[in-house]
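Next come two complexes built around chain A: one with chain B, the other with chain C.
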Partner chain A sequence: MRKYLAFAANAFQRTLTYRFELWVELFINVLFMLIYVYLWKALYNGRSAVEGYDLTRILTYIVVSQTLLSFHFTLRIARVIEEKVRTGEVVTDLMKPIDFQLMLLATGVGTTFHTVLFNMLPKLLLFYVGLRLLLPGSILTVGVFIISVMLGFVILFNIEFLIGILAFWVVEIRGIYFAVIWGISWFFSGYFLPLEHYPDLLAKMAEYLPFQAIIYSPTAIYVGRITGSAMVGVLLIQLFWAVVLMGLGRFAYLAALRKLAIQGG
Partner chain B sequence: MSIIKVEHLCKQFKVRERPAGFWRGLGGLFSRTHHIIQAVDDVNFTLQRGDMVGYIGANGAGKSTTIKMLTGILVPTSGKIDVMGLTPYQHRRQYTRRIGVVFGQRTQLWWDLPVMDSFELLKHIYEIPERTYKQNLAFFSELLQLDCLTSMPVRTLSLGERMRCDLTAALLHNPEILYLDEPTIGLDVVAKEQVRQFLQRVNAERQVTVILTTHDLNDVEKICQRLLIIDTGRIIYDGGIDALKQRYGRTRMLIVDLARAYSKIQIENVDVIRREGNRIWLAFDRDTISASEVITRVTAHYEIQDLTISEPEIEEIVRKIYQSGMTD
Partner chain C sequence: MCNPIVRYSKLYLLLAGAYVRSRLQYRLSFGFMCAAVIAGEACLIGLLGVLFTKFRTVNGWTLPDIMFLYSLGSLAFALMKIVGNQLDDFDRYVVRGDLDAVLIKPVPPLFYVLASRVELHHASRMLTSIVIFCAAFYMARIRLTIGRGLFTIITVVSGSLIMFAFMLLSATVALLTGKSGKITDILITASKEAAAFPISIYPLAVRLLLTFILPVAFVTYYPAMHLLGKDQFLGMPAYFQFGAPVAAVALLLCCYALWRIGMRHYYSTGS
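Moving on to the complex of A and B:
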C-alpha cells in the first residue's frame, strides 16, 4: 500500500512540473463553461422548469458535470499505456515488484488529485459564487456525492485501462480511444445534458452502460435528482461497474503479458 | 555454489510474413503465413555466485532474448532456467526483488523528476529498509560522484550521468544478480571506463553476480573472467578470455610503412590484407612463421621506413569466429 501511495505522490509532483499548461487548461475550461451557461440561460428564457430542472438546477447540473468532465482530460491512462508499450518502457515496469494495474491507478489518482485541487475546485467555486448555484441538500448528500465521484473515477480509469491494454495487440489505439472516450463515453455520460432530456431509447441505453456512472450519477446526486435510498442503489450500480471493469482489466492485462512473454511483443 | 543454471534453453518466435506490394498485401489481410525463427537454440551454462560474465554476439544473435528470459519477461519455448531456486517467468514478482537490471538504451528513472525522487520511489517499490537505503546511497554516491546530480531532473542529464544514476537505481535494493544489457552503449571513453571500474568494485566488494551483454569487447576484456559467445542462437564459445586468445589468436599483424611505392608485394606465408598508400598490413600465423622471420623477409626485398607488430585484438578473434563458426 505504501508503495502505491508513493506512486500517487510522485505523479502529483510530476504534474506540478507543467504549471503553464494548467493555467491554459483552466482558462479554456472556464470559457467553455460560460458558453454553456449562456446557452442554457437563453433556452430557459421565460420557462420555469423542464423535466424537473429549473434554471438554477440546470445551471448547477452543467457546472458540476462540466467540472467532472475534467477527469476525461487529465487521466489519459490509455495514452500512458500506449506510450509504455510503444517505447518498450513496459519492460522496466515488469521488472519491478509492483502490480501494473494498481501502479497506474495510483499514478492516475496522483495526477487527478492535482486537477481536483488546481482546476476542478477553483472552477466550481468560481461559478458557484458567480451564479449562486444550488448546494447539496445535506451533509450526507455531500458525502454520498464524494463517494460517487470517486467510484465514477475508478470506472473511467478501468475503461481507459482496457483501451490502453489493446496497445499490446494493435499498433495504433488512438482511433479506439477517441471513439470510446471522446465519443461514446461523452455521449452517454450526460455531461452536456441531463439524461432525463435524452429520447427514451437513448436514455434507456445509457442506463445499461457504465458511462453514465462516471458523470451523470454523481451530478444527479449533487443537484438532488437522486435522493434518499435511491442514492444507495446508484452507489451499488457504480460499485458493480467498478469491480466488473477492474476484473476485465486484470484479465486483459494477464492475456497481454502472456502474449508478450510468448511472442516478445 | 551455482546461482544460475540454464539447461537446453530454446526460444522460438512466430513471425508473420507480410507480403510486399499492394495486392498481395491486401491478400495478407485474409490469409496469414508464418515462419518460425529460432532465436535461442539449446543454450546451456551455469554461473557461480560472484561470477562476472560477458555475453556477446552480433546483432540478432540471441543475446537480448536470453537476457529477457533470464529476467523473466519472456517465457522459454523449451528448456529450463533455474536462478536461485526460482523460475524467473513463474515467480516474477518475487524474483524481481532479488535482481537488478540496467538497459543501456533505456532508463528506469522518471524522466521529469529529480534523480533523488526516483531513488525515493524505488525505496518504496522495493520496500528497502531506511538504513540499508541510506548506506547504499552513500556508498554509490561516493563511488559514482552523484552528489551534484541527484537534485537534477533526469531529462537534463548527459548519457554518462544518466547511466551512473541508472546503475545506482538498479543496485539500491541489494540485488544478488545484476543484468546489464549494453551498459556502455553511446558512452565516451572516460564514462565507459568509469562504468567498468564501478562494476568491478560492486562485483568484488558486494559479491554481486554480473552478466553483461555488449558490443564493445573492451568491456569484456577488461572486466570479465568469462566469456560466452552466442551466434545464431547457439553458444559457440564458453570460457576464459586468455584461452580464447590462445586458441584463436595465432594470427599476428605486421604494419609496415614502405619508403617508396611498390607495384607488387609478395612474401611467402604472409598475406597482404590491406594497403593504404605506402602503408601495408601483413597477416601471418605465428605457428607457421615467426615475427622476426617475417621482418627479415620484408626488409630483404623492400625498403622500409617503419614497422609495428600488433597483438591480436579480441574483436578480430571474435569476428573470425562469427565468420567461420567454431572450427579448429
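Moving on to the complex of A and C:
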C-alpha cells in the first residue's frame, strides 16, 4: 500500500508544477459552465418543472455533472499508457516489483486529487454561492455522494485503462480514445442533461452501460433524484461495473504482456 | 515561376502533401481519428436532439435552427483546423527552438508553419458538419438557392478566418512569452461553444463581447438571421447579418499586425 501511496503523492506533486495551465483550465471550465447555465435558464423560461427538475435542481445538476466531467480531462490514463508503450518506458515499469494497473490507478488518484482540490471544489463553491444551488439533503447523502463519485472515478479509470492497453496492439490510440470517450461515454454519461430527459430507448441503453455510473449516478444522488434504499442499489451497480471493468482490464493487460513477450528481445 | 501566387500554391501543395502522405502511412490511426471526430460531432448533435425533443424551443429557436448555428460554427472551425492547426501548439516551435529553423527558410515564416502540417482528418469534421447543415436546411424547410449557397460559403470562410485570427493571436502570445497557455482553448473552444446557441440567451455584456471583442456571433448568429429569415437583432443593426466578412477582415488585420510586432520582438530561446 505504501508503494502505491508514494506513486499517488508523486503524481500529485508533479501536477503542482503546471499551475498556470490549471488556472487557465479552471477559467475555461467556468466559461463553459456559464454557457450551460444561461442555456438552461432560457430553456426553463416559463416552465416550473420538467421530469421532477425545477430550475434550481437542474442548475445544480448541470453544475455538479460539469464538475465531475473534469475527471475526463485530468485522468488521461489511456494517453499515459500509450506514451509508455511508445517510448518503451513500459519495460522499466514492468520490472518494478509493483502491479502495473494499481500503480496507474495510484498515479491517477494523485493527479486527480489535485484537480479535486484546485479545480472541482472551487468551481462547485463558486457556482453554489453565485446561483444559490441545492445542497445534498443530509450528511448521509453527502457520504453516499462521495462514495459514488469515487466508484465513478474507478469505472472511468478502468475504461481508460482498457483503451490504453490497446496501445500494445495499435500504434496510436488517440482516435479510439476520443471516439469512445467523446462519442459514446459522453452521450450516455448524462453530463449534458439528466438521463430522465432521454427518450425511453436511449435511457434504457444508458441504464445498461457503465458510462452513466461515472457522472449521472453521483449527480442524481447529489440533487436528491435518487434517495433512500435506491442509493444502495445504485452503489451496488457502480461497484459491479468497477469490479467487472477492473477484471477485464487485468485480463487485457495479461494478454498484452504475452504479446509484448513475443516482440521482446 | 515569377507569379508569386502560383509559386506559393505549388510550394504549399508540396509541403502540405508531404505531411499528409506521412500521416496516411498510419492508415488505421488516420481512420480512427476520422471516426473519433465523427463520433464526437454525432454525440453533440445527438445530445442537442435529445434536449430539444424534450424542450422544443429556446427563445423561439427550434432544433433545426440550433443545428444551423452549430453546423455554421463547426464548418468554420473545421476549415480553420485543416489550414491553421499548427498554430495550436505554436509554443512548441518557440520553446524547442524550431522557429529558428523556420526563420532561415526563404519563405515567410507564417506560410512555412502553416504549410508544414495539414491535418486532413479534420476534413471528416467538415463532412459531418455539411451533413448536419444540410439536414438543418431540410428540416427548417429552407430552399437552397444559389444566393443562399454563396452566402453560406462566404459566411463559413469568414468564420474560419475569425477563428484563425484567434489562433494567430495565441501564437503571438507564444512568440513573446514562450507559452501560449492554451489561450486558443479559451478563445476558440469556449467561444465556439457559446456561438452554438442563440446569443439571445446571454445577458447584454456577453452579447457585446461575442459581437465586438470575440466576434463569434458573426460566425453563427448574425448570418443565421439572414439564412433563417429571423429578425432578432437584439438592438444591433440589421445589416450585421452581412457583417461576417467585414468582422473577419478587421479582426484578421489586427491580429496579423500584432503577429508582425511579435515577430520583430522575437528572441530565440537559444536552446
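FYI, the second predicted complex is superposed on the first by the 264 of 265 C-alpha atoms of A that agree within 3 Å, B and C clash if a C-alpha of one lies under 4 Å from a C-alpha of the other, contacts with A are read in each partner's own complex, and residues count from 1 in each chain.
Assume a contact is a pair of C-beta atoms (placed from the backbone, for glycine too) under 8 Å apart; a residue touches a chain by one contact, two chains touch by 3 or more.
From a predicted model like this one, the values you see are computed outputs, not experimental measurements.
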Chain B versus chain C as contact partner of A:186, first or second or both or neither: second
Which superposed partner A:25 touches (first chain B, second chain C, both, neither): second
First (chain B), second (chain C), both or neither touched by A:42: second
Partner chain(s) touched by A:250 [first = chain B, second = chain C, both, neither]: neither
Partner chain(s) touched by A:175 [first = chain B, second = chain C, both, neither]: second
Of chain B and chain C, the chain that contacts the larger number of chain A residues: C
Partner chain(s) touched by A:76 [first = chain B, second = chain C, both, neither]: neither
Touching residues on chain A, where the partner in the complex is chain B: 2-3, 5-7, 10, 13-14, 17, 87-89, 91-92, 94-98, 260-264
Chain A-touching residues of chain C, taken from the complex the two chains share: 26, 28-40, 42-43, 46-47, 50-51, 53-55, 58-59, 179, 181-183, 185-186, 189-190, 193-194, 197, 200-203, 206
Chain A residues within the chain C interface of the complex: 20-21, 24-25, 27-28, 31-32, 35, 38-39, 41-43, 45, 50-51, 170-179, 182-184, 186-187, 192-193, 197-199, 202
Of all residues in chain B, those that touch chain A in their complex: 13-14, 65, 68, 71-75, 89, 92-94, 96-97, 99, 101, 103, 106-108, 110, 112-113, 117, 120-121, 124-127, 153
